[in-house]
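As structure tokens, here come the structures.
Across the two complexes that follow, subunit A remains constant while its partner is subunit B and subsequently subunit C.
Our next item is the complex of A and B:
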């Protein structure tokens, strides 16, 4: 694979390239530059991975490469070369001839990439008739063939269904088949598997790689997950603040990053393989292209005065370049090393205290729902028993629909178990939180996945944080509340200056810190976390996880952490249980569980985790 | 929890009770709502007091008043009167008009046809004008031209119907003399013998709802146009008109269909105004006249009919929304 990757094919028809592209958005406040001098070339049969945090400009680049402009978007310099033509200056009429015919696009959100009002058949034959000149009968035949290729069961029947009648993974596979059915030369994928389960994600990624390589398609794969990109792509381009900061062959970039930002991104991805510490990247990305300074300087541990200038992209080898003035001076990348100034917390997984008191006992709990519409009963949690030791972190992992969130919610008293008991310090808990005494409600707090949905948008940060004090902490006098809240802000590493802001003024990571702070202000003994980082970028996720691990240790807090990501599980949990279809498949100390899994389902989950070191294995797996 | 130890843990699997089919549930809703409407209507006319004195005039003798009350059953307790009225409806007997002293049905029936045609005409006008304009301005228009559409709809919406009707009458009826200002011709000859007499009242009624529907359609179309699946369709090479009609309209239509159902009420309000304004011999005009002359049986009958039309229109709109939305179609089964 390495030999193939280092050979650079000559430019040929069907290549799509951005050449020195600079793009800005015009608004009332003037022009904001979001891409600066970006050059990438997509080559037939190869996948280029484009990595970066939210707001780095990676999605803008993906759409720009199709010649698509969102309103207010302006091209400041450069061109998009396709067959010697500049797509950026092509007329809409010419673009419509290549869109969906020679250039295909697979958008991010699985739930919204297909039109809910149209059948799958309509989605397919539209493009096939227009671009391939097929008659309806031939188009239907071709659609069935493609649906089969992406492993949709009963393709003929599937054609007459609507998108919502498929699972998220199936929808994304259908969207992939739809994009590929017109036999395009270029495929642009914008976070195509975000929001899917690990196993489904792995499945879709394998299909993408296999089908794209098979058809000799030139592909651009956009994601914030560098480990995933390094696993599925041939080459990598790392984007920061609208600039490419590093580019090269995927395996080489991942193994030996040259730019401090690339190294930081790699350090932020949780892995299941080692005890490597997880490092967040402090600060937030700058929203626009830097002027006369390195874009990453304010978050970089290696900053010197030399960084205060426009930094050129330095070519290091034939397909390797990086944008840093200190390339020759930086120490070589060491994944185990502490990042320069940033703090990091590693989990000491070896010392699980066997004698820890049990604080929470879940005894043979079952939860039943009725399916919407049909009213069919549905067993979400099936006879689950768990003991949670005090002051430790228990992880619950599984795919969506495994019942992991339902189990957590039944502990929180948000759903009433149909059977079984939950005891807290030897006392049986009432099924619903409303029936529990205030002191108990205070002791068990929960943080949810999406802070946007749990913080009242019309309450300031202070108002949100003051609420648990009003409810649970009569011991804190009214005049002391502000101090208590400010102290908590510092504990979750937020500036107290933000107290009078509204949630919309905060970044996603900051909002999640507020949500965690709100839960902690009740002084709970048990903190329940439901996928608290899955809506966040990896770099932000790492810093939230660092925070949680630190707080857990400092406060001797008991944490029950639900996640679908085994790397996250490894980073936060001393002990873990693996759930599938509401049943516990395996449990034990996290490190051991992930190193020597016993149950086939655990093995399947582990095999689905993208791993650059085992790229070939990952891509070949499942077949 | 009274399970034995063996049962603990495995959740008992109970089937939820079967639900009735969607259409049957809708029909039950319809009947219950109509029943509630009869109570409200009868209650309101009863609260308005004894009409005998108002109708017979202040010089009527007490004997005349008592006789009137006996003839129309006004001396009975209100519950008895309500039950008799309700029973009458089932027998097709809507009562006796205080004014004509003949059956209410004979007063209403000649006016039914013209009003139905008028309402349908103005409703169709609303759909045909609002949906395309709203869709086009939502999807295609930006900046000044979009603002212009919004501005014009706002201006039109700001005028009450009787002012709009008068302006139309002056411009189209008097200055240009294209259309008759007086619609009494409808009462003579067949239903469609004087089509021009429907135009002015029809437009007047439609203008009461058109701005609202345009704005709703525009807002929904704009929202749907920004969805990922529309961008994905554009990037698959889908062009107009297929993009608007096939990809955007079906997703933007449901709230508009609901509103068009609800707007039936608005239309009927407009009917009373427009019919009175243009002398159109329909139910709206009759309603206004009967209310003024305290002819309770006629008012009750008309209110009940209007209520029934309104409820049916709304349920029909709901059913259409369910039918055109694949996701809902599966959910209601």
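Our next item is the complex of A and C:
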């Protein structure tokens, strides 16, 4: 693999560039600008990573670069340069000639890129015949070759199957092969591995990088996962509120960010490598392009009056620029810096108290689901035994289908175990929550994954929060409930002004805070968390994790935290369990388990975590 | 830190709830038109009996008259004033279907919620019963019931409710199944909430739109169905001035004095159209709202 520094960026045919692009959406409420003065150039054989939180405009930019416009979208300034032509003003007829032939697009969801009613063969032949002018025989030969390159087993047989007969990772690899088989010059990837499991994700990413570099493709890789981008990309552009706030060689940007937002974003990414503290970014992202002020100003710790102006992008080196007026005054980035030590998420093995009491014992629990249609029952959790020490955080990690959520739900009394027992302080728990005495139900509370579904959309925030008080807290008089609820809102760092709002008026992070508040109002001893941050942006995830760890310490809560993200596991859990196919593969103190894994599966999981520090190792792992 | 976040995330940052309930609904053309038509008909039905010039069953010695100053819509074969009969006859046309649909709705909601939420054996039995019930043609079922118990309002209402309940149950059941596995319902189960709370406070508000659309749609069908039954002589019995009965009785005079058939038939049609328009508008209204919620 070529090192990044030796490649000299040069303009040539096949480069795709946005030049000073400004884009807005027109709606009934007027024009909302979503991209402002964006210039990026995709160069042959190089991958540009585009990072940003939801709503930053990264997907709009990716689609705009293809010349694709959604209804209501208007280009306010700038152009999309491809071979000296402006794609933004190209006719649909001209665009059809380049789409899929010279410009390829790989979306996140294969449900949008693969047609469930067509065989894989039909998918390939259509593009190859149209764009490459091949006859069917030649097209089939080429398809088999490409399926082989993306490591689909038995390519000849695979051609005659339908998309649903493949796993999610295989589908995305087929979509990748499909995009690359027509030998495009440019490849736009929009969160191509976001929905996949870590190990699969690593595999697909290795293929993307290897094949794109091999074919000399100019690629744009859009993702919210900064660590992943820094690992797989050559260059990195950070977007915020429709502007590029920093751009440069990936490894340099990640190791030494210059813009406060980039630094904050890196500080929010959980990592398995160190005990580095995790910090959320206060506030919420601005939904549109800022006018006469720095877009990040209202969330920035370094704001001064100088920030209240339009901020230009300052060129620092040949491929390095940042959009900040205080670049020379800011302290150099220090990942260990702790702006708020009291709440920052910092765990170290030293804090683990060896003789903590066991509060919850899971003894040889098995959960079996019957599968309608087939007689064979599905074993989700297989003979699992766990001891949860009081006042500590236990993490359960694994891929989808590992049974981690099912295990948690059986503790919560939502799934009845087929075998085994769960005891709480020596008392055996009934299989279903409804059969447990009130005191036990109160002591064990659960928070769920999906911020869109965790609160009843028809209940106000207050109605949702008042319920546990009614059920579990007879000590709080009816007239004092509103005060108790408002106090809890402040504890989860929300304004009590939101109490009479409905969940649809809240952001995902705010809803998750309400859900945590609802669980805590019962004054539980054990808090079960089921992937509570996996649907959130990194900055929001970090602040929710900060909140949880802070609350856990303040209230001496016992937390059982289920996650698929080993970085998150490292950030919250004192001890961890690795689950695979319903079986415990390894357990122990989190730091030790991640540093010196014993089980091959744990090693495989760790190797699949993107890490900018060992980028070459990550990319070389599979090929 | 705390103060920081409290200052940055306040109510002002969040879009205020939109007050668009009634006004938004009426702004949909079908909604505004449907509601206006329905109100007009209701007005006719409510104040009709008070402004009617004659009693509906008063027989005069002037049968089969065309429209005149004395009898605006003429008289029927028995010399009864058609206008007075029309003004009196609307109540049962609206009331009987309303009763039938309400009855079906209550039963169907209960069964649908239970079957959709509990699943398992309860659901299997309910689905089985529904499938059988749906296989029996509606008219045939009602004909058999009426043949066994005789005609009349109470029998027809019960029969129609029984025939419609399985259809509604099926809709409620699938709406419930979509809501039941959602996490707020799981949270309620983990809190140990009662079955009643989960069904009526957690799930029902979320299937409200489906419920309303279904009520409106079934109401349209029931109006036509009961009017048809009355026309066939199986529903409301003469000498009632129910519009369906009027159409049936005056149909012999269709060529001589068409007003006696046309006016009640037209009114039934307009009523059905009004309710149908409202059902249409409700679908659109909630469709938009659901869409909006997903866009957040």
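We take it that the second predicted complex is superposed on the first by the 600 of 623 C-alpha atoms of A that agree within 3 Å, B and C clash if a C-alpha of one lies under 4 Å from a C-alpha of the other, contacts with A are read in each partner's own complex, and residues count from 1 in each chain.
In this section, a contact is a pair of C-beta atoms (placed from the backbone, for glycine too) under 8 Å apart; a residue touches a chain by one contact, two chains touch by 3 or more.
Predicted, not measured: the structure shown is a model, and the values here were computed from it.
Once subunit A is used to superpose the two complexes, subunit B occupies space that clashes with subunit C.
In the overlay built on the shared chain, the residue A:450 is in contact with subunit C alone; subunit B does not reach it. In the superposed pair of complexes, A:17 makes contact with neither subunit B nor subunit C.
In the superposition on chain A, contact of A:117 is made with subunit B only, not with subunit C.
In the overlay built on the shared chain, the residue A:227 is in contact with neither subunit B nor subunit C. In the superposed pair of complexes, A:413 makes contact with subunit C only, with no contact to subunit B. Within the superposed three-chain model, A:367 lies in touch with subunit B and out of touch with subunit C [touch as defined at top]. With both structures placed on the common chain, the touch criterion links A:107 to subunit B but leaves subunit C unconnected.
Superposing the two complexes on chain A places one region of subunit B into the space of subunit C, and among 44-52, 188-196, 224-232 or 278-286 that region is 44-52. Judged by the document's definition of touching, no subunit A residue lies at the interface with subunit B and also at the interface with subunit C. Those residues of subunit B that touch subunit A in the shared complex are 1, 3, 7-19, 142, 227-239, 242, 246-247, 250-251, 324-327, 330-333. Within the complex formed with subunit C, the subunit A residues making contact are 282-284, 298-299, 340, 342-343, 409, 412-414, 432-434, 436, 438, 441, 445-446, 448-450, 453-459, 464, 467-468, 471-472, 490, 493-495, 497-498, 501-502, 504-507, 510, 515, 518, 522, 543.
Residues 66, 68, 71, 96-101, 103-105, 107-109, 112-118, 122, 126-127, 130-131, 162, 164-165, 175, 178-179, 182, 364-368, 370, 372-377, 379, 381-383, 385, 418-420 of subunit A touch subunit B in their complex.
By the touch criterion stated above, subunit C contacts subunit A in their complex at residues 1-2, 4-6, 8-11, 13-17, 182-184, 186-187, 189-193, 202, 205-206, 208, 293, 296.
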